[in-house]
Structure formats: C-alpha cells, structure tokens
Amino acid sequence: MSIQDYSVTRSSRAAQVSAVLGALVLITLIAAPWWAGRADMRLMGELFLYLALASLWNLMAGYAGLVSVGQQAFVGFGGYMLFALTMLGGLHPVAAIASAGVLGALISVPVAVLIFRLRGAYFAIGTWVIAEVFRLGFAQISALGGGSGSSLPVAIVKSLASKRAMRESLSYWLALGAAVLVVTAVYLFLRSRKGLALTAIRDNELAAGSLGIDIWRTKFTVYVVTSALTSMIGALIFLQKLRISPDAAFSVNDWTAFVIFIVVIGGIGTIEGPIIGTLVFFALRETLADLGTTYLIVLGVVAIVMMLKAPKGIWGLIRSRFDLQLFPLGYRVIAPKQEKGV
Amino acid sequence: MDWLNAIVQGTLLGGLYALFAAGLSLIFGVMRLVNIAHGDLIVLAAYLGLTVTSATGIHPLVALVLVVPTMGAIGYVLQRGLLNQTLGDDLLPPLLVTFGLSVILQNGLLEVYTADPQKMDAGALETASFALGDLTLGVLPVLTFLVALVVIWGLQWTFYHTSLGRAFRAVSDNQDIAQLMGLNRRHIFGLAMALALAVTAIAGILLGIRTSFDPSIGGGRLIFGFEAVIIGGLGNLWGTLAGGVILGVAQTVGAKIDPGWQILSGHIVFLVILAIRPNGLFPRIAA
Amino acid sequence: MPDTILQISDLDAFYGDFQALYGVELDVKPGEILAIIGANGAGKTTLMRSITGLLDNGANQIKYRGKDISSLRADEVAMRGLAMVPEGRQLFPSLSVRENLMIGAQVGRSGPWDLDAVYRLFPILKDRKDQGATSLSGGQQQMVAIGRALMANPDLILFDEISLGLAPIIIKDIYKALPDIIGEGMSAMIVEQDITKALSVSSRVYCLQEGRVSLESASDTVSREDISRAYFGIE
C-alpha cells in the first residue's frame, strides 16, 4: 500500500444523506403555506429567525471567539431602520430590510473600532454598553415614537401584499429564506480560506498569528458581516411584530439570552448546533412557557449544567459518540478499501 | 452654582459606583474572572436587606451586620460550588455560566419578590442634609462616599499588608507554584469571592436605601461598575474610585443638560475614554 | 523512621494522552542528596511535578515517609514537609523579595529557617527585601527561590535545574553554599543538566532517559561511559 492509495475528502456518507434529507425538508417547508395553519406558520417563522440569529452569534462566539452579549443592538437597530426607512423614507419594506443590513454593516464599523479595544469578558460587557447606548439613543427619537415606540402604519403593511394570507406567506418565506441564507452563508464562509483562518484563530490564536493570519482583520470582518445580517434579521422580526419600542427592540432577554441558550444547548462552534438548539429551545418553550419565570430559571440551569458537563452541547455529544459531521467541513483521510476515514 | 452642585453630587454618586465596581475589580484581579451576575448579586443584597428590615424592623444600616456575612458565605459557596469549575484558559465557560447565573438570579428574585419596585426605609437619614458653603449636601450620599473610601482603603490594606492578601496575589500570579507554598487555591478563590460579595452587600444596602429597586436593574449596575473599572484602569482600586467619580459626574452633568440624557451621558463619556485611552486613566494591567 | 523518605514505585505520568514517565522506580534515603540527571525532555521536571502533586498519580506510586501521597493535592503535599525550588525560579512578580520569602513559610512548619536565617545565608536579599522579586538578577532570583523553599522548613527539598540560565560563577557560588543549605536531617533531590555539578554534591545518582530510569549508581563510582550510555540511550 503506497501513499497514492489514500485519498482526502471532505464529504462523508452521513453528509451526503443529510444533504438529500435537508433538500426534502426544505421543499416541504417552502410548501408550508399550503399545508400549515396560520399559527403554525407564525411559529415556524419565529423559529427560522431565531435559527438565523443563533447561527450568527455562533459564528462570532464559537469561531471568532468574540462573545457578545450585545447583539440586541443590531436586532433593534435593524428593526428601527425598517420603521424609519418605510415610514420616513418611503421605501418598500423588502428594500428597507435589505438596506437595514447595509446600514447595520456601516454602523458596526465605528462600534467595532471602539469595542475591539477590550478583550474577553470585558469585550462582552462592552457590547452590552453599546446596546444600551442604542436603546437610550432611539428612545430619544420622537419621530419613531420615542420611549413608547410606534406601530407600522397599515399602508406600509399593505404594500407588502394586499391580502392578509399573502402577507403571512410572504413573511414566512422571508423568514425561511433568511434562515437558509444565513446558514448557507456561514457554511460557505467556513469552507473558504477565510473560514479556515477563523477556525485556526479559534483553536490557537497565538499560533494562527505567527502563521501570518491577520487576526484583527479577520475578527473585524466577521463582526461587521454578522452585525449586518443580524440587522437584517432584526428588520424581519419587527416586520412580523408590526410594532416596535426601545425595550422590545433592544431586549437582552429576547435577543441575547435566548440566542445564547440555543447555541450552548445545541453545540457551540458547530453549524449543526444552532439548528438542534433552536428545535430544543422551541420544544421547551411550547411545553414550559406557561411557567413564566420558572421557565427562564430552568433555561439558566440547563445552560449552566451543559456548559460544565457537556460544553460542546447536544451536537457535541452526538458528534463525539458517532463521529458525525453533517455539514462537511473537516478533511478526512480515506484509507484504501475502507468505508470510514481515519 | 448649579453646575458646581451637579459636579459635587456626581462625585458623591461616584462613591456608590466605586462600591459597585470594587467587587468586580477584586475578582478580576485575583482570578481573571468577570462575573456577569455581579449586578444581580448587588440587587440580591438589597433584597436580603429588605427582608431583614421588614422581618425585624431594624434600620437598614444595622441590617448590614447580617447581610454582609450572609453574602460573604454565599460568595464562598458560589465560588467553590460552581465558579471554580469554570476557571481555566477557555473564556467561554465563566462568561456563559455567570450569564446563566444572572438569568437565574433575576427570575428567582422575580418569583419571590415580584416586579414591584421596592425601597428600604432608612428614616431621617434619607433626607438629612447639611450645608457646606453655598452647597447643600445630603448626609446619605456623603456617607456612601466615605464608606467607599474606607472600603477601598480596607481592600488595599488587605491586599498589601496581610498574609491573605499575599496569598491572593501569589495565587493570581502563579496558581501551580502558589500550591507548592501550601495554598489551597480553591479555598483562596472562595475567600476572594466571599470578600467581593461582602463588599457587594454593602453596595446593595446603600443602593436599596438610596433608590427604589426591582429584580431587573442588575444589568444596569453591572454596567456602571464595569464602566468605572474601565475608565479608572484595570488593577487599580483607587483608579476605580476615580472612574466611579468620573462616571457619576458625567451622569449628573448630563442630567442637568437634559434629564433623559443622564445615563446616556455616562455611556458616552465611557466610550470617549475607551477611544482615547483604552487602558483607562490609571492602569496597572492592560485591558 | 522508614529506611526511605521518598519511595517511588512504578510511576507513570501523562500529559493528556502523552505519556512522559514509564514505570519509574526510585528512592531517597533520609539525609542523602540524590542527583537526577538526563537530557531535555527525559522527564526530570515531570518527575518533580508528580512528586509534588502538581500532576495526577495512580495509587501507591509515591510514598513519603512510608505514607501514600499519590493522590494528595499539591498544597497538601507541601504541608507534609516537601518543598521545591522550581525550574526557572518562578517567583511571584506581584510580591516583593521579602514577601516571596514569607509566603514560603505559609505552610507553618517550625525549624531553623526563618527570615533572619535566610538573610544570613544570602545577605544581598536583605538589602533588596522590598524590591519586586522579578527585578533582581538571575542569580539573586535563584537565591530568593531557594530561600523561599527553605522557609517551609522541609524534610525533603527538591532543586529543579537551579543552574539553568545562570552565569558559571553564580552557579559555582550556589553549589558551594549547598552543604549549608541542606543541613542536618534534610534530604534533597537535585535535578541537573550539569552532570559534573550534580555528581559533585550527591551521594547517589539516577539517570532518566525518555521517561525511564536508565541508570542508578553511587555518584563517586559511576564512570563516564556508563553515564553517556544512560544519558543518550545508546547501547
């Protein structure tokens, strides 16, 4: 047996199977307006948006090592941009959503320049301060409702589509599209050279730096891109809610605590993790939400226990047990005449 | 004159913020841990004070005698029972565990005490004031500031003139070798957290006398403490006092310009200092 | 008093999945000075870390004064009278010279060594007692590290590569002071890369090679050839 007999591949049987299954699931989901009820579609739409938020937070924290407890800054920013651009700027809602992303990218640049001066947990709290600044700032803008917020005018809502059923389908498809876009973008990014650099930084920053990887620039890029997409998701979220206020837009609980729990429970630093985490989170929510504060305490306890006992999350447990990778990222060496790689 | 009054009030407010920050600073200095639940622990102390004063009718300041040791014990158990397991090279576990702890504390307090704002009754102390030249100073703010001075002086003295402080510094320098000196690092970390929460208890009681509080304000107190630490510079408790004062003055002066701008002004000053002096004004360690 | 102060039986040591020591057998007799020699990476410092409790050990692999200390924490081992002068000095930067010495006495054992005794041994340290410990020269830091270990009044003192990074004349001075340091009743293990120095102060020598004991001999009778073979693992 010579070295030529060995081959290197990214894919695996499991990845191929799940790709096919994933495509089937996607087709089913696209067809949801025809088989799902209104409430179910709303729930699924919310799930997709949380999945997108979780995947983005995971990219920043799990891969770039930038743990933010302030992403609500961009969720709220995107929401307010939707309202501002449609109500005051006369833009069509879909155009406003896209623009919210661009504006999110722009504003994240000076923010990043400031808070990148902090490291580790201090960086995290710094992101929270930024979110508070945004919240207090937007509460001062009376044109957007000031401290009590505002509702999206009927005319703008109708500009999406005149019939309510059509609007709901459109909202749903936008949410599904956003989730697919984000997960695909994250996957493709991690497959690319930049993504490899990011994984290197995550594994050993010092070593990565000595190999010539520009750490600051890579992290900066990830922060800007994540914030832009988070802003877009924020715009979508508040398009669904039809009403915005500073406290709702910049809520730590809704946009950071829940997202963090999703990622921690699902599995940080993996693409599959946020997907699993979102499903588990919504399952828990549907069964426990009546308990109010107890539900949140349970979430907190579960997150702590997971972090201490299973820091790689549910997907991490599955992966270490079965050596699975559904989104082919790592390389495997296939020995000749063998099914599984080394 | 009004401006001078605002600056003086801000300075005194800085004393409270320095108390918020002192515990945070101590823990980071000894074990490089930033406790996201720190603000919620301040609120917990306020609620403990409330329970004690409601149950026994004693004055909130007297309640300190019970609340401070209780919080100290909570700190020791918390550190040895939970937080010691998160220490290591990875920054995710302590951050996420203390974040989870914050959520648990907030909602636990909500369950027990509801969301209604509460306040402790300190009687005449709350409104008493005295004149200093043209200024009128409240007794409570002045007392708070003096307490902050004493606490910080006490912490500095502990750190640099006692064997416990020596142990803190040794363990923070080099955990392995400190163990060779017979220091049980888990115990030392527990003592550090106990001390930090004892200080936090003082901050909580003074907060609870001064303003009304509810379970959700923990995050805000954490941020004020954090801003005071960063403005002042890491690793320097007197710097933290200075940072608290700057923050307090920024807030009161901002409030004079427009009441809605009070907290925002503090954040803006923080961001400006972060931009031009990222290591703070009197740093001993880089951020 | 058992006939060994330290008894190491079949000791394995691991860093994660990597095995650094393989079945090491070693003993230290009371009052003797034992030398441990070996090339870089042979496992000498790993051995020291295992003995002092900084590494996890299997049961009964390390016996001190006849009692099994294998599963004790490092601070518990230190309380029993084992002290180490660590490789690279490893003084506490936040502590002054005096404070570094004081913290050595944290274990609270009584004996001839106190601050004054250390200052008598190394007078320069008294002059610099309030200076930050890491602002001293290499040789002076080594004195502080040795003094810090002595302040614990140990029964067994471990010296891990004390000549590393020091000028030859400083090394000579320190080794000249060793008999005063290792007084009556104290036992010592000296880990050294400088074979001549190690042999000159010790009564017995062990050589480690790739995690295994490759030689055990009396220091005054061992030959150069035996050492070369054991050191480099050449047969």
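The first chain written gets the first letter, and so on, giving A, B and C; residue counts start at 1 in each chain.
Basically, contacts are C-beta pairs under 8 Å (C-beta built on N, C-alpha and C of every residue); 3 or more make two chains touch, one makes a residue touch a chain.
All figures in this text were calculated on a predicted structure; none of them were measured in a lab.
Of all chains shown, the one whose average CA position lies nearest the global CA mean is B. The chain with its Cα centre farthest from the Cα centre of chain B is C. For this pair, chain A with chain B, the centres built from the Cα atoms lie 33 Å apart. Our note on geometry: chain B versus chain C, Cα centroid distance of 44 Å, whole angstroms. Averaged Cα coordinates give chain A a centre that lies 54 Å from the centre of chain C. Those residues of chain B lying in contact with chain C across their complex are 163, 166-167, 169-170, 172-174, 176-185.
Put simply, chain C touches chain B in their complex at residues 52-54, 73-75, 78-79, 83-84, 86, 90, 92-95, 99, 102-104, 106-108, 148, 152.
On the chain A side of its complex with chain B, the touching residues are 61, 65, 67, 69, 114-115, 117-122, 124-126, 128-129, 132-133, 136-137, 139-140, 252-253, 257, 260, 264, 268, 293-294, 296-297, 299-301, 303-304, 307-308, 311. Residue ranges of chain B in contact with chain A, taken from their complex: 33-34, 36, 82, 85-86, 91-97, 99-104, 106-108, 110-111, 219-220, 222-223, 226-227, 230, 260-261, 263-264, 267-268, 270-271, 274-275, 278, 287.
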